[in-house]
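In what comes next, chain A is part of two complexes: it sits with chain B in the first one and with chain C in the second one.
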Partner chain A sequence: MSVIETRDLTYTYPGVTKPSIEEVSVTINKGDFVILTGPSGCGKTTLCRCFNGLIPHFYNGDLEGKIEVAGLNVVDHQIHQIARHVGLVFQNPENQLFALSVEKDVAFGLENFAMPRDEMRKRVDWALQMAGISELSERPPHELSGGQQQRVAIASVLAMQPDIMVLDEPTSFLDPVGAEKIFEVINELNKKLGITIILVEHRLDLAAKYANHVIVMNKGKIALTGSPREIFTSEEARLIGVGIPKATKLYQHLKKHGIRLKAVPVTTEETADLLREILKND
Partner chain B sequence: MSVFEGFKFRKVSSVVHDLDPRIKFFFVSVLFVMAILFTKLLALTVLFFIPLPFVFMAKVNRQWLRSLRGAAFLAIFIFATNFIFGYFSPASFQGITPPVDTLVEYLVLLERAAAMTLRFVVLIASFSVFFLTTSPDHLGLALQQSRIPYEFCFAFTTAVRFVPVLADEAQTIMDAQKARGLELERGNLLKRVKNYIPILIPLIVNAIRRSLELAESMESRAWGASEKRTNLYELKLKRADYILVLISVLMLLLAVYVWLYVSIPSLTTLLSL
Partner chain C sequence: MIEVKDLYYTYPTGLEALKGISLTVNDGEFLAVMGQNGAGKTTLVKHFNGLLKPTKGEILVDGVSTRDVSVAQLARNVGFVFQNPDHQLFSETVEEEIVFALRNFGFEKAVIEKQVDWALNLLDVTQYRKTSPFMLSGGERKRVALASILAWDPQVIILDEPTIGQDHQQKEKLQQFILQLNAQKKTVIVVTHDVEFVAECSPRVILMSQGKIVVDGTAKKILTNPKVLAQASIVPPQITQIFLELADLGLPTDVIDVHEATKILLNRLRKRS
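Let's look at the complex of A and B:
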C-alpha cells in the first residue's frame, strides 16, 4: 500500500525560471525505509518540502502534477493537517529547536494540537525514551551536542506520532559516531513502530544497510529507483556520483578480477562473511 | 561576550527559584515603588537589605554581586552628577543657604547624592534577584498566563534562546574578519563604526536565514493547528507564593504609612544634634 505517491511533480521556486524538480514520479510504500540520495543541488530538499506541504503552502511558487501523502492531497490541505501524518527533521539541528528545555521542544507540536496536559506528558516521555534522551529532558537544547540535538529534533517529530518521517541529511553536521546513533534510532522507529522513513543521505556506508529502497535523483529528476543492491551495482549510480558503500565497491572490484562473491554485500560484516566462505572453499 | 553570559540560564531549584514569577515580580515592583517613595539615605539603606535574604536563599550571591559590580560605573556617575548639580543649584535643598560653604552644607549635599545613588542600587539589587532566579521559560509562561497573546510570549522565549547563539556567531564572524585583516579598533569614531559593517552584514544575513529555517520547522510541527494551544507546564500558586504576596502587601502598607505620617531624619541632622 502506498503512503506517498507523486505523478509528474514539477516545482519552480518563486522568482526563478528553472524548475528545481521536474516530472518526479515516485511511489513509497507503507513501512518502507527509503534512502533518497544524489549530488548536492539535485532537488532532494525540495522534494522533501513537497512531502509535508511546505511546498506549495510555505514557499508558494509554481507546483504542477499530482502529490498525495497519507491519503491527503497536499495542495488541498494545510501544513498543520499534513503534520499529523508527516514529520520533517531538518539538516541543521540548531535551527529547528527553539524552546528553552528539551521536553518543551518535544511538546511543541502537541501543544499546537491542543492536547490535554496529562496525555501530553505521557507522549513527551515516550518520545524522549524512544530517542534515547530521557535523561536530557530538562536541559536547554542549545547546550547539547549536535547528535543529541538531532535526537531531540527526532523526538519532537515522533511525539506527534506521524505515519511518515522525512529526515533531510540529519547527520551532515555530526561526527560518525553521532551519525551511527541517529541511524539506529531511525531504524528502530521503522522496524518497531512501522513508521515509513525517507532518509536523505550521502553517507551510504553507514545508512545503506537499513534501507529497502533507494531513490537517486540527478538534476531535478528521478534517475534511478530500486533495491539498494540493484542501485549500488549499477553503472549509472557510479556515473552520477552516488556514494556507493565501500563493501559494494569491493564486491565489484573483486568481480573485475574474476572473484565472484555469492551475494552483493552492503556492510562490512556481510563482506567479511562472504569472503570467509570463499576462502574456505579454496 | 561576557555580557551575554547572564542569558545562559541554568536550571536551579530553590525556594526563591520555585516562586511564581508573577508573585516575584509583584514583590520586586513593591520594592521599586518604595525606592521611589523615599528620598532619605536612612530609608533607602533599610530597603537595600530587603532583597538580601532572597539572594542567600537562592544561593545566587556571586551572580548578584557581579550584577551590582556591573552597575558600579553608572552608580558613580549618578553620585557625581547629583553632587555637582546640587552644588550649583543648592537652593532646592533643605538646610542649605547658598552658597555651599560650611561643612554641614557639604555633608547635606553628600548625603543627598549618596541617597540618590543608593536608590539606583536598590533597584538593580532587587530586579537582579528577580532575573537571576526566574528562568526565561517560567517568565514566558507567566506572560502567557497573564493573557498576553501566545505569539508574543513565543517571540520572547525564542529571543532569549537565541541571544547566546547570535553572540557566539558574532564572535566567530569577528574572528574570521580579523583573520582577513579587518582592524576594528582603528581610526576615528566614524571609521570605527564603519569597521563594523563587515561584521553586521553576515550577522544579519545569517539571522534571516536562521529565522526562515525556524519558521519552516515551526510550520512542520503544526504551528497554528488550533485556536487555543495547551501548554506542557502550568503555573500554580503554592503556599510560599501566598506568603510572599502577604509580605509584599504588608511592606507596601507600611511604606505608605511611614511616607504619610513619619518624617525620617537625615543622617546629617541626626549627627550634628
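Let's look at the complex of A and C:
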C-alpha cells in the first residue's frame, strides 16, 4: 500500500524561474525504508518539504502535478493536518529547536495536539530515551553540541509517533558511533513500529544496510530507483556521483581484475564472508 | 607553526572542555583532529585563531601568544571555516560574502576582483555569484563559506567538519583540493568524523576524548587500531573492518585503502593458484 505518491510533481520557489524539482513521480509503500540520495542541490530537500506540506503551504511558489501523503492531498490539506502523519527532521537542527529546555522542545508538538499531561510525560520520556538523551532533558538546546542537537530534533519528531518520518541527513554532525546508534533507532522504528522511513543521506556506507529501496535524484529529477545492491553496481549511479560504500567498491575492483565474488556485498560483514570463501577454496 | 602548551579551557558555564593539551603543528603539515561529539575538537581549534583564549596554558602562533593579538590580526594568517556555514554567512549575495573580508583586510579593488573570481571558480560556485547564500543547499553554502576564507589566502586553514552535507563528488573534489592546498605548503587542520575521508587523505591524526589527546600518529596507524578508536567513538574504515575480520587467514590488518586492499588480495589469490 502506498503512503506517498507523487505524479509529475514540479515545484518552483518564489522569485526564481527554474524549477527545483521537475516531473517527479515516486511511490513509497507503507513500511519502506527509503534512502533518498543524489548530488547536493539536486532537489532532495525540496522533495522532502513537499512530503510534509511545507511546500506549498509555507514556501508558496508554484507547485504542479499531484501529491498524496497518507491518503491526503497535500495541496488541499493544511500543514498541521499533514504533520499528524509526517514528521520531518531538518538537516540543520538549529532551524528546528527553539525552546528553553530539551524536554519542552520535545513536548511542543504534543502540546499542540492537546494531549493529556500524563500521556505527554510518557511520550516525551520514551522519545528522549529512544534518542539516547534522557540525561539532557533539562538542558537548553542551544548550549548542546551539534550532535546532541540532532538527537533532540529526532526525539521531538519521534514523540509525535508519525506514520512517516522524513529525515534530512539526521546524523551529519554525529561521530560514527553516534550515527550508527541513530540509524539503529531509526531502523527499530521502521521494523518494530512499522514507521515508513525516508532518509536523505550521502553516507551510504553507514546507512545502506537498513534500506530496502534507494531513490537517486539528479538535477531536480528522479534518475534511478532500486534496491541498494542494484544502485551500487549501476554504472549510471557512479556517473551521477553516488557514493558507493567501500565494501562494494572492493568487490568492483576485484571484478575488474577477474575475481568474482558470488554476490554483490553492501556491508563489510558480507564482503568478509564472501572473501573468506574464495580465500579458503583457492 | 602552532604550539599548544598545556592548554586548559573551561566554558563560562563551568564545562571543562580541554584538560591539558600539548601539541605542535608545523608549517605545511596536514592534521586531522578526530574524536567523539563533545570531545573538545572544535574548542581546541577555536584557540588557533584566537576565537577562544586559554583558561590556563598557552598557544603560540608563529611564536606569538594568542593572548597578545586580536582575532582580526590572527585571521589574516589563520582562516577558520565553521562546521555550520550559517554561523559564518550573512551577506545578501555570494559575491558580497567573499568581498567582505577582503575589503576589511584592505586589499585593492583589482586584487579583490581577481581573488573573488578565483575563489568562486575554485569552489565551483561561480553560477551563484549574485544569489543569496541562504537560497543555496547546505552543501553549497559550505563551499561558499570555504571560498570566502580561501579568497584571502591564509597560511593556516582550519576546516571544521568540511565533508558534512557534501555529496560524493563534491567530497572527492574537496579532498583533491585540500591535498592540493597542503602540497602548496599550506598548513591544513581538519576536524572530522569522516573515517573514509581520513583514510583517503592519510594525514597525521590526533584522536581526542574527554578534553585530552588519546593518541597522535599516522592515519594508517590510528585508523587500524580498533581499541583506541573505540575510546573516541570512531569506527575503523570499511576496508580495515574487512581485513580485521579476515585476520585469522593471515592477511595484514593495517589496511585502510581500497587499492592497497585489492593488490593484497590479488597477490594472495595468485600465489595460491
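Assume the second predicted complex is superposed on the first by the 279 of 282 C-alpha atoms of A that agree within 3 Å, B and C clash if a C-alpha of one lies under 4 Å from a C-alpha of the other, contacts with A are read in each partner's own complex, and residues count from 1 in each chain.
Here is the rule we go by: a residue touches a chain if its C-beta (ideal position, glycine included) is under 8 Å from a C-beta of that chain, and two chains touch if they have at least 3 such contacts.
What you are looking at is a predicted structure, and each value in this text was computed from that prediction instead of being measured.
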item: First (chain B), second (chain C), both or neither touched by A:Leu275; value: second
item: Partner chain(s) touched by A:Leu100 [first = chain B, second = chain C, both, neither]; value: first
item: Which of chain B and chain C A:Gly178 touches, first, second, both or neither; value: second
item: Which superposed partner A:Phe108 touches (first chain B, second chain C, both, neither); value: first
item: Contacts of A:Asn92 with chain B and chain C, given as first, second, both or neither; value: both
item: Partner chain(s) touched by A:Pro116 [first = chain B, second = chain C, both, neither]; value: first
item: Chain A residues contacted in one complex by chain B, in the other by chain C; value: 92, 94, 143
item: Residues of chain A that touch chain B when the two form their complex; value: 52, 54, 57-58, 79-81, 83-84, 87-88, 90, 92, 94-96, 98-101, 103-104, 107-117, 120-121, 124, 138-140, 142-143, 156-157, 160
item: Complex contacts: residues of chain C adjacent to chain A; value: 13, 35-38, 83-84, 86, 135-140, 161, 164-171, 193, 195-196, 230, 232-235, 237-239, 241-242, 245-246, 249, 251, 258-259, 261-262, 265-266, 268-269, 272-273
item: Chain A - residues contacting chain C, complex; value: 13, 16, 37-42, 45, 91-92, 94, 143, 145-148, 169, 172-180, 202, 205, 241-243, 245-247, 249-250, 253-254, 257, 259, 268-269, 271-272, 275-276, 278-280, 282
item: Touching residues on chain B, where the partner in the complex is chain A; value: 8-9, 11, 135-137, 140, 157-158, 160-162, 164-165, 210, 213-234
